[in-house]
């Protein structure tokens, strides 16, 4: 297991606890017939105050599972097998249900994708924002309504006073997304997780929303974890990037170094996929080799790796530190 | 017009269905009804739990138990049998129905609306001298016109009354003649030895013609609408209120010509399930519970505060064997059915011995009855031999219909089925709802049906003519024996009691041998009452007269 | 207005349905053997009298014509006469329908009181013992014949323990029923200020209501459990959890969202029980409308059967209108 | 009578993939079956009960101590005892023997009635669902069928069933027809909603585009995937039909006496409960309740097997311990 110090970003050398620390987190899903699948295998992750971290990876890499685990809400058939999550120095698993609820939404908020199905269909927008501030900040009904109105203004919803009494089904996708951001940020949380917050929206709306989100997070001096499949987004919004592949962290780097010199073949593959160069894409993408076991002995990425060596299929690589705030899980990192 | 008289309590057409449609009693091993325990019998008030309230109060059209009971209270007849103590139960009174040739009409009668009567020796006239000063519940005095109007109505409406007209052998309305204000004479068209006995019939009640004529309209000259819901008679009670399906309330008349009855108010409650009536009686909520099941009667005999008297009665249960439907067209088959019927077992188990075997084709308590012709013991060998003789060595398939409203019929049918299986007869049970049961019987299209009935008039001519005369409406077995017809016709005119009785015995002998019925049982009449109630009198109409009762405080 | 449009649409839908139901029932009950004229006149009728009555009743006409005449009468509020009770069916039903309604309403209320809390508890319990109890109850309640349960209850509480009144209808036989106002003995005795009648009516209601309540709590429990369970696993409840709303608030939202389904099953049960409680009515000699109809069928008394069908169809109509109204209030999406 | 409770409420959640090879499908179903039993032992109880009841029905002539329809008035209303374990009824017939024979009647009626309604309701529902929203004629057909179902369902079930029996006369066939009639709408609606949801799926469109006939699409692509819900309903419905049969017999509109049948046994016995003999009606009630319970459990297990979401829970319970 990698030591915690290895992953400390240089900017936060303070001796106090980081805002969020995930150590050796294992989450698996149980199935009735097949053996359990491991969604997360020993995740280590630290996020400092004021930091914005991008979490990238393809579908099924475990991004959402990680986010939900941090919230203390592992999705249904899954469960945490090992590891701890501490928020502001407190181990989440030690907290009771009430204490967890008090943190969730108050200090630890999440912005979700496709919010139209996630908002309560029978409550008005105002009630839903108001509920959160009432319960977390102890505001009265009218104060909560005022706060909700303020938040709607803050997320730049047109005609906020009228929208306050609108029901979710009366909102457009973009507006609903803004409402969810309003709910997430209503209590000025210390940490915001944005889980693919804009995936279902038009590109133009996407940019607006992300800008809004970043502005608001910065304004409230919060930290954030940006989960996305779109690696380009991270370049604009994040300080650091964590690359997740098949439930493992395969690379950690600051944004600048990552885009400058990615070291993991998977990172390169991701970047190539977003580049305009077909040549680049061809260079880093191979059809997966079905004959290799997906997991087990070797590197989880080995079946799809263009740089595969015999060692890759026999020995599982550790997450190696490559200097300040930088680590990679590869026997043969690129350019090293 | 047929069986007016015949309807035995529980099984009448309409109200039977209400207490019975479905086997659903209620009370279970009934004990005190907690909530009703407080309702002690109010002195002077009698509460009767009956299967149903009277449907119609017009006896021309209704023969259900509630109506039969009501008619006895609201009306009076011209004459009635004198009462004697029951030989087995000294507390219980019953009619002295034994024939007495020294008396006019051979009957031991007492005057009711009539003070005295003359029967012509040739049997061709009956003169009634009416009591004077008798008032109806509307205050009108009884006159010969009332009697005349009553019989005119029977002629005109020609339903149940039409049947009585036939029994009286009256040719036209003019056969009833008003001689003066208080004298009226019946002139039968042929010698009629039983015309006086017929006047005891519960449905030979006299209407207050003055009131009835007031209530009549052009559309309704015989005041049917009025008499359906109200009464105009000379009986001991008047109707205070009736809510059909719930209760009828009767009030004693202070101006009743025999004096005001002891019980002032009678509440006649409809309690459709027999177990419920048992429960109410045990709890003291009612004073009298009518029409109970044998097992319930057994249970009540042990109950504290309740008195149960069960007396030999006129009602009969038999299974109709339709002589027009094969194989019952063969007397051998009908006899075989009787030999294969486990009568003793049925009496012992289903009837709990609260019945006697039906050992004849008329009520065994009536004068002129002869029980020696009954030779149908349980004998499967004989039954088989008879079937063989009838050309049915392998038996046959048959359906028996029974009334869902009478809880004893189904088990009897099952016992019969088991027994018949042993001689190769495959019996299928056909349950008929109480409400339509009578239709099945009167349609005479079923091969085999249960029937319970009683001829009210205690006379063999009356009884035998009813069921075995091929022209009778009530000959549900489609029984036709020219010899029997001839004997009945002869008997109906035979004024000599001895000779008449001889003819009647001959008929019984023939009928028993012909076996148009399976002779089942003669159920007892059971009076289940609180032990504070006295004065039970048994009538051959199997109904009660409230005026007989008194209550101890 | 949306609500009015709703109701109108429902009415437009129900009227033809009512005629359809009447048509089916009319031709069905006409097939039942038994000639009403014969039955009405009784055994003493002459063939002439029967023919006369048949003509008077219109029984000599074609079935189609008879049906047309019947429908015409129905729309004038005339449901004919019962030959059994010799009374107009309308007045019989006005007397009997409230008896059934009172029984069914209270039975269903009890079923709700049992079914909803147990269902919610079972849904919340995950796979704990409560869920097992809930499931077992649901299955068991659905497996027990109500008439048998009624018999057993009577045997235990009336015959053996003597704590229940005799199962002989709605009121102690010694008591006089309060004046008929609503037809509900509880309401009528309250209106009349007759406490004795009230007590007796309540006592008589206990066992039949318990029977219906216990049996019908089954489907309500099942429905509540599955709906609340589904809602608890739904996106918006997950989102409410993420927002850290207190448990009771989340539960409230879940129950609120489950209400339309519960209202639906209750309305279905309500309509069903009007005719379906007949066995319980029979066992308790209740004298209700269902019993009246069943006796009608068994005794070839056509008008009560048809009258009952009309009454229950109208009742269902009212219930469904109420359901629509409830939906309208409960679910903002229907208001659009 | 538990009417609507017999309907599986959440059956809409079924979503099976287009069927793979027949063999693998059945193999996985088989292991699924064992798994479900393992995860929820109570389900096994359902199969045990129903198997036991069916065994009784088949073996009744050999295992019943007495003839079920032979009266013996010498021992009428004997309490449970050595010679008659569950006592005798008012004609002296052995209650135990009658209870053992009763499933022959009850299950025959329920299974036949349910099968008949499924045979009519499932194809009709599938066609209606498939036709909905297609050409005018087909749309009209499906609207007509659905309105007819509305009318059938709006009729009070019990009164309707009794009326049917009254019309056709008291016999097993009448009861079967009555049960079939009242159940048809349930299958009709279930299949319609299943087919409607499956019809919208890509692989159905693909088959349509590929030029398969309506019938072929229904048979090959839609029915196999829609039928699971109906199967789960089938078992629940058999239980419910047993209850309905018993109810009909209870009011006297069921089978002919003295056919051994639980409902009529309860009804007949009830008269005797009044006078203190509880056994003739209590024991058949227990047998009846157990049987319906067993079928409900089986229905639940089928439902669980067909619903992936519920399977997960089962799996967890099974593995977790």
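In this document, chain identifiers A, B, C and D correspond to the written order of the chains, with residue numbering beginning at 1 in each.
Simple rule for what comes next: a contact is a pair of C-beta atoms (placed from the backbone, for glycine too) under 8 Å apart; a residue touches a chain by one contact, two chains touch by 3 or more.
Nothing here was measured: the structure is a model prediction, and the numbers come from that model.
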Selected pair, greater C-beta contact count between B-C and C-D: C-D
Label of the chain whose CA centroid is most distant from the centroid of subunit C: A
Inter-centroid spacing, subunit B versus subunit A (mean Cα positions, whole Å): 94
Separation of subunit A from subunit D, taking each centre as the mean of its C-alpha atoms, in whole Å: 50
Whole-Å gap between the CA centroids of subunit C and subunit D: 23
Distance between the centres, which are taken as Cα means, of subunit C and subunit B, whole angstrom: 41
Residues within subunit B bordering two or more other chains: 21-22, 24, 26-30, 404, 433
Subunit D, residues touching no fewer than two other chains: 250-252, 270, 273, 316
Sequence positions of subunit C contacting 2 or more other chains: 155, 159, 233, 282, 294, 298, 300
In the complex with subunit C, residue positions of subunit D that touch it: 1-6, 9-10, 42, 147-148, 150-152, 154-160, 162-164, 166-167, 239-240, 243, 246-247, 250-253, 263, 266, 270, 273, 278, 281-282, 285, 288-293, 296-297, 300, 309, 313, 316-317
Contact footprint of subunit D on subunit C as seen in their complex: 16-17, 20-21, 24-25, 28-29, 31-33, 127, 132, 135-136, 138-148, 151-152, 155, 159, 215-216, 218-219, 222-223, 226-227, 230, 233, 265, 268-269, 271-272, 274-276, 278-279, 282, 290, 293-294, 297-298, 300, 305, 308-309, 312-313, 316
Contacting residues of subunit B [partner subunit C, same complex]: 1-4, 13-14, 17-18, 21-22, 24, 26-36, 38-39, 49, 55-56, 61-63, 158-160, 163, 244-245, 269, 271-273, 276, 279-280, 283, 285-286, 404, 433-436, 438-439, 441-442
Residues on subunit C engaged by subunit B in the complex (per definition of touch): 34-35, 38-39, 41-46, 84-87, 154-155, 158-159, 162-163, 165-168, 172-174, 200, 203, 282-285, 287, 294-295, 298-301
Partner subunit D, residues of subunit B touching it in the complex: 21-30, 275, 278, 293, 295-296, 298-299, 342, 345-346, 348-350, 404, 407, 410-411, 413-415, 417-418, 421, 428-431, 433
